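First up is the structure itself, then whatever we jot down about it.
So that you can tell them apart, the chains are marked A, B, C, D, E and F in the order they are listed, and the count of residues begins at 1 in each.
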Amino acid sequence: MKIRIIIPFRTNVYTEQQLQDARPLAAPDLAIDVVNLEPDPADPLCVFEQGLDEHLIVEKAVQAERDGCDAVFISCFGDPAVDAARGRLQIPVVGGFQPAALTASLVANGWSIVTLRKELFAAIRQLARKLGIESNIASLRGLEMVSVDYGNQKFIEAQLQEQAEQAIDKDGAEAIVLGCTGFCGFARELAQRLAANGRSVPVVEPVAAGIGYLQLLVRSGISHSRTTYGLFGETFRAEANPACAKSA
Amino acid sequence: MKIRIIIPFRTNVYTEQQLQDARPLAAPDLAIDVVNLEPDPADPLCVFEQGLDEHLIVEKAVQAERDGCDAVFISCFGDPAVDAARGRLQIPVVGGFQPAALTASLVANGWSIVTLRKELFAAIRQLARKLGIESNIASLRGLEMVSVDYGNQKFIEAQLQEQAEQAIDKDGAEAIVLGCTGFCGFARELAQRLAANGRSVPVVEPVAAGIGYLQLLVRSGISHSRTTYGLFGETFRAEANPACAKSA
Amino acid sequence: MKIRIIIPFRTNVYTEQQLQDARPLAAPDLAIDVVNLEPDPADPLCVFEQGLDEHLIVEKAVQAERDGCDAVFISCFGDPAVDAARGRLQIPVVGGFQPAALTASLVANGWSIVTLRKELFAAIRQLARKLGIESNIASLRGLEMVSVDYGNQKFIEAQLQEQAEQAIDKDGAEAIVLGCTGFCGFARELAQRLAANGRSVPVVEPVAAGIGYLQLLVRSGISHSRTTYGLFGETFRAEANPACAKSA
Amino acid sequence: MKIRIIIPFRTNVYTEQQLQDARPLAAPDLAIDVVNLEPDPADPLCVFEQGLDEHLIVEKAVQAERDGCDAVFISCFGDPAVDAARGRLQIPVVGGFQPAALTASLVANGWSIVTLRKELFAAIRQLARKLGIESNIASLRGLEMVSVDYGNQKFIEAQLQEQAEQAIDKDGAEAIVLGCTGFCGFARELAQRLAANGRSVPVVEPVAAGIGYLQLLVRSGISHSRTTYGLFGETFRAEANPACAKSA
Amino acid sequence: MKIRIIIPFRTNVYTEQQLQDARPLAAPDLAIDVVNLEPDPADPLCVFEQGLDEHLIVEKAVQAERDGCDAVFISCFGDPAVDAARGRLQIPVVGGFQPAALTASLVANGWSIVTLRKELFAAIRQLARKLGIESNIASLRGLEMVSVDYGNQKFIEAQLQEQAEQAIDKDGAEAIVLGCTGFCGFARELAQRLAANGRSVPVVEPVAAGIGYLQLLVRSGISHSRTTYGLFGETFRAEANPACAKSA
Amino acid sequence: MKIRIIIPFRTNVYTEQQLQDARPLAAPDLAIDVVNLEPDPADPLCVFEQGLDEHLIVEKAVQAERDGCDAVFISCFGDPAVDAARGRLQIPVVGGFQPAALTASLVANGWSIVTLRKELFAAIRQLARKLGIESNIASLRGLEMVSVDYGNQKFIEAQLQEQAEQAIDKDGAEAIVLGCTGFCGFARELAQRLAANGRSVPVVEPVAAGIGYLQLLVRSGISHSRTTYGLFGETFRAEANPACAKSA
């Protein structure tokens, strides 16, 4: 079995780390590789433009299917381009949100998401509504950090623990979902620290959930529904509509 | 007040008709113009590629704001690129779905959508969930027609009436929402025919609802929330993340 | 186009101010007038009796239709007598709640209502459930003031701002709905103050939303559904029931 | 214990029958009496005007409390004036809908309502939403009869059975709620007929549920919440508002 | 009428008190008796094993029906074995949760449950979801006490009041549900204390609600739906399946 | 990794087949074994007693953990004893319903369950509500067969196909969930037949989903939340309560 991870950013800075994080999640018969979007030569420092890069992600997903992959993981908690990629691929495609949210719903009644920043809450709520599991969410929490803290692992670890503890104590969270695929390496240690402080709840991590779900789908021989996602991959051509053909 | 309508297709075949349909919906102080996406020189007969053209629509919306428009209507019931455009514009942006669904919720408890084809149902359900009004939908219905019927106005009129009548009689619809901005010209006559057959329910048409809603927003001096849509317009640059800067 | 605003209180004290507040919300072709309920000669100081005055409001609405109005706005956030008036009128009728709640749902995922007093929360929750948009409400908040503060505009302004800020900071509100048609004059300045303090969210005001929605409906040529509201206007007479006829 | 039943119609034609139907539902220590609204001398054949008679019902409820009653049953499935009466009374007040819907939710997961006419569906849906139990409703069904059938008991019996059987067979109803307090006398025999045809489901009747619920409340020493219903009984007087006092 | 209360614990320590608490809730024609599970001779100090004792409770319920009881109350807020007992009995069976939750939904829009410990919240949420009334719950609150406080009535009274007041003040509770049948004796005094402190809300007590609901059902001549609960009482025997018969 | 499947019936008739069905779903490093409940010597032909056998299933699950298993699959779509087993085990435990329902929610917006008999619908609805995914269910359908058909594989295959096709055509199902772990062997061929008839939707099978989910959980290093399920495994002993100690 072969799964390709797509980093939906125009940089290779996350690629090698992602591969190292993902490998221990694989069964012995599973090969994983990781690709990222290419930098834009006209603006090489631009990492991504929200809402405008979806076609670039879809291209990478289409290539993965052509390369014989069995499944595709788009490594972002915001599930960018997942619907559009499903519309154009036969093989299973997931991002980070859906697998993590469903896994959390299995292991706990109500759970909280700890994500990077408050600005992500509205988009996450929309993903939860679309999936039909909004009522299982106890709360959304964001790390309280500024740009300079992004490279500071100690700070992120401490913030994750603090927000997770508050979700458990104040919001009634029975499990914690990490709301960023970049948090992959923090999950197990966070769970141990929470347990050590008397808060023994599962910590669901989206890369683990995503890779696990894709294996479940491939071993079951199923993929996403053409009925649900067929439209997202449609191309309309003027030939199909005499009026368009005339005008174009 | 000036509103720009964007036809999210790479053809000018719908442009003039749209302008004629929209003008009677405007107050005396409202100017409306209509633009469409440009055909792709490499593939001039391609009308649109679902899920891949969003960045082209956003470009047109950004241009509208630069041109001094007060609001933008993206003329498609599927609300394509509406979130992404809101992320990058200060002025109000709506598509066809949200204004029609909210207007229908005002005039009736439960209402049905009559759209082009069954293949659109799953995407419409997702729009309804995102908007939080899914429980108001009595049913979704699609016209039963094939490609060749698209230019046949008599056939479409007859099908719209049949599906609307079934929605009222079998599904308990208390109002009908037309699920395509291309149905704009059919709304009033459909309402009259339904009333003539003893089914006196409102027929909500998405262009009318959209243009009406944009006037409401502009006259009220409000636009979409930066908190809800701010993320959708973000651009991340390597300068903001030392690790990226190194690698890029 | 002619819209009549009904002040559902037995006093003319709010009438002139309402007219001044509403006029700037009108398109050039829209005429607005305002009426109030007459004081009860037997108890001239009674402003209203909650739950008992609905028939008086319906009478005013029926008169508006007879006078050739195109639409009726019942100027109260509690939507008093709106169902009953719709049952007896062909022209559109709205109160303050429904237009404001739907407009807020368009511009933000989750929004909070700031209303006069906590005692109104239960009734507002019922209105939200009836409309099917309850899941979009982030919180309800009430001004903390006593009777003597009612005439103190500075105090009300300060309280509105404080509650709105708490709704944004603590409850995750992405927009604010003003929960009283008497707050009409405060909306724009409140929005500016919030923005000046780094909370740039839309402030939805029910008179603006109501007048805007009525224009949308009239220009679209639609009104409320007879199926939804027909019952609310029924009169049963003994002639229709032989048993009653005998007994009466 | 003393319970007063209010017939919310301006006729005494239902009064005696209601008393006979209700008595077997009472515990030995419970006295029941029944009153109706007085005919309007100016229009003695008018039985009721929907949405306009609420203040007349509230007057009867206030009188019941003054007369020392322990609880009030407003005998109509539409719960007319229940909120307004609760706002003005300390003793428990129920109509037919809420007790029947809650009782059905206890004895079955999903249940259907068989009511008089399709025209009532929209109003019943609103009652269900307000009560928060809408998801328990399998379907709404109406008798298919015309005015002349109202006095025809055999016809009503046959129609009730037919609609109940269809609700069970086609809509998955696990219990039947009779959607009119006038169906009181049909409940037990309908249940027996359904069981005889292999459909052994409970038939919940609103008068029985209402009288039963009021006994539960009185014996428990509780009534409706002042927080929920306090507002519905408020009277505002100009003395409370200096501006009003000036103007009135 | 005869109702049997089953204490679902292997001890008689609660039995006599329960009888004293329940008697004042009965109509004159209602006889109540109380039984408990027998201690396990092999482990006489074990009071109950959560999730493992359901078959012992069902046995007691079956015996109650054989003894000619008209209804059964399983005296625990967790509704243990209620579904399984309904599957095997014709007469009505309720626990504490469902009657209390439904009664609270009648007297208030939104209500809070004050139960023994936070550890019960997840199970209570599941009961609420099954009943379809989850949206009516304002909050869950638990007493803050440790094992040694269980016999300390003054402490429990004080904690109930504190948590109820916080539910009202912070969570918007419009009524309080006591989340343990052992709190039966505290309800009326708690309501009086709350009212004395300006929080006049109903306090719904599960034994009173349960006994009241059973009287409602018996006097109405209805019981739980065989369609809903029939499966829970099924026994499959190898005779019904030739493959099983062969193998066993 | 070692997973134990528990057949929750007192017969070994299904055991060998289950092992054969499950093995192809395992990764190379996963060992699966299967056990069943022992027949009751006093009634050897009794296969199971619904609602009374949960403690027997929990015993088997406890033994699995003692035997060093990494996870437990209780092979029934009704998830019997899953909550109680989770209460007493550290390792992950799933039945058939939850993994299948969550997997279906990933691959399709709305899906239907085809189960053995209509009598199971009410219990399945309760499982769906508990999991919080009820709104994703398009419909429930049952095979139309009688006892004698149970051993007739051709008949079951034909019925599965017919009901699945009706779910797709009439109920809008975008995926099919097989509602019985005994249908394991039919899934792939059913999917092929549906595709051959133009209905290309995923067929989610509960054994595959369950075994896949357990691998996901074990490889992720997580299990069910102690907060959610801790209560279900509690044992109370008289020593903890002085009053009980006295009485026992």
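One rule holds in what follows: a contact is a pair of C-beta atoms (placed from the backbone, for glycine too) under 8 Å apart; a residue touches a chain by one contact, two chains touch by 3 or more.
Fair warning: this is a prediction, and the values are worked out from it, not measured in the lab.
Chemist: Of the other chains, whose C-alpha centre is the longest way from the centre of chain C?
Modeler: F
Chemist: Taking the mean of the CA coordinates per chain, how far is chain C from chain E in Å?
Modeler: 43
Chemist: Chain A to chain F: how many Å between their CA centres?
Modeler: 28
Chemist: What positions in chain D touch 2 or more of the other chains?
Modeler: 109-110, 122, 126, 132, 135, 174, 227-228
Chemist: Let me know each pair of chains that touch one another.
Modeler: According to the stated criterion, the contacting chain pairs are A-B, A-C, A-E, A-F, B-C, B-D, B-F, C-D, C-E, D-E, D-F, E-F.
Chemist: Quick check on the complex: what are the chain B residues that touch chain C?
Modeler: 25-30, 92, 94, 98-99, 102-103, 105-110, 131-133, 135-136, 168, 174-175, 187-188, 191, 200-205, 208-209, 212-213, 215-217, 219-228
Chemist: Quick one: which bits of chain D touch chain B in the complex? Just the residue numbers, please.
Modeler: Those in contact with chain B are residues 121-122, 125-126, 134, 140.
Chemist: Which residues of chain C touch chain D in their complex?
Modeler: 9, 11-13, 39, 44-55, 58, 81, 83-84, 87-88, 119-120, 122-123, 126, 129-130, 132, 147, 150-151, 227-248
Chemist: Mind listing the chain E positions that touch chain C in their complex?
Modeler: Per the touch definition, chain E meets chain C at residues 109-110, 135, 172, 174.
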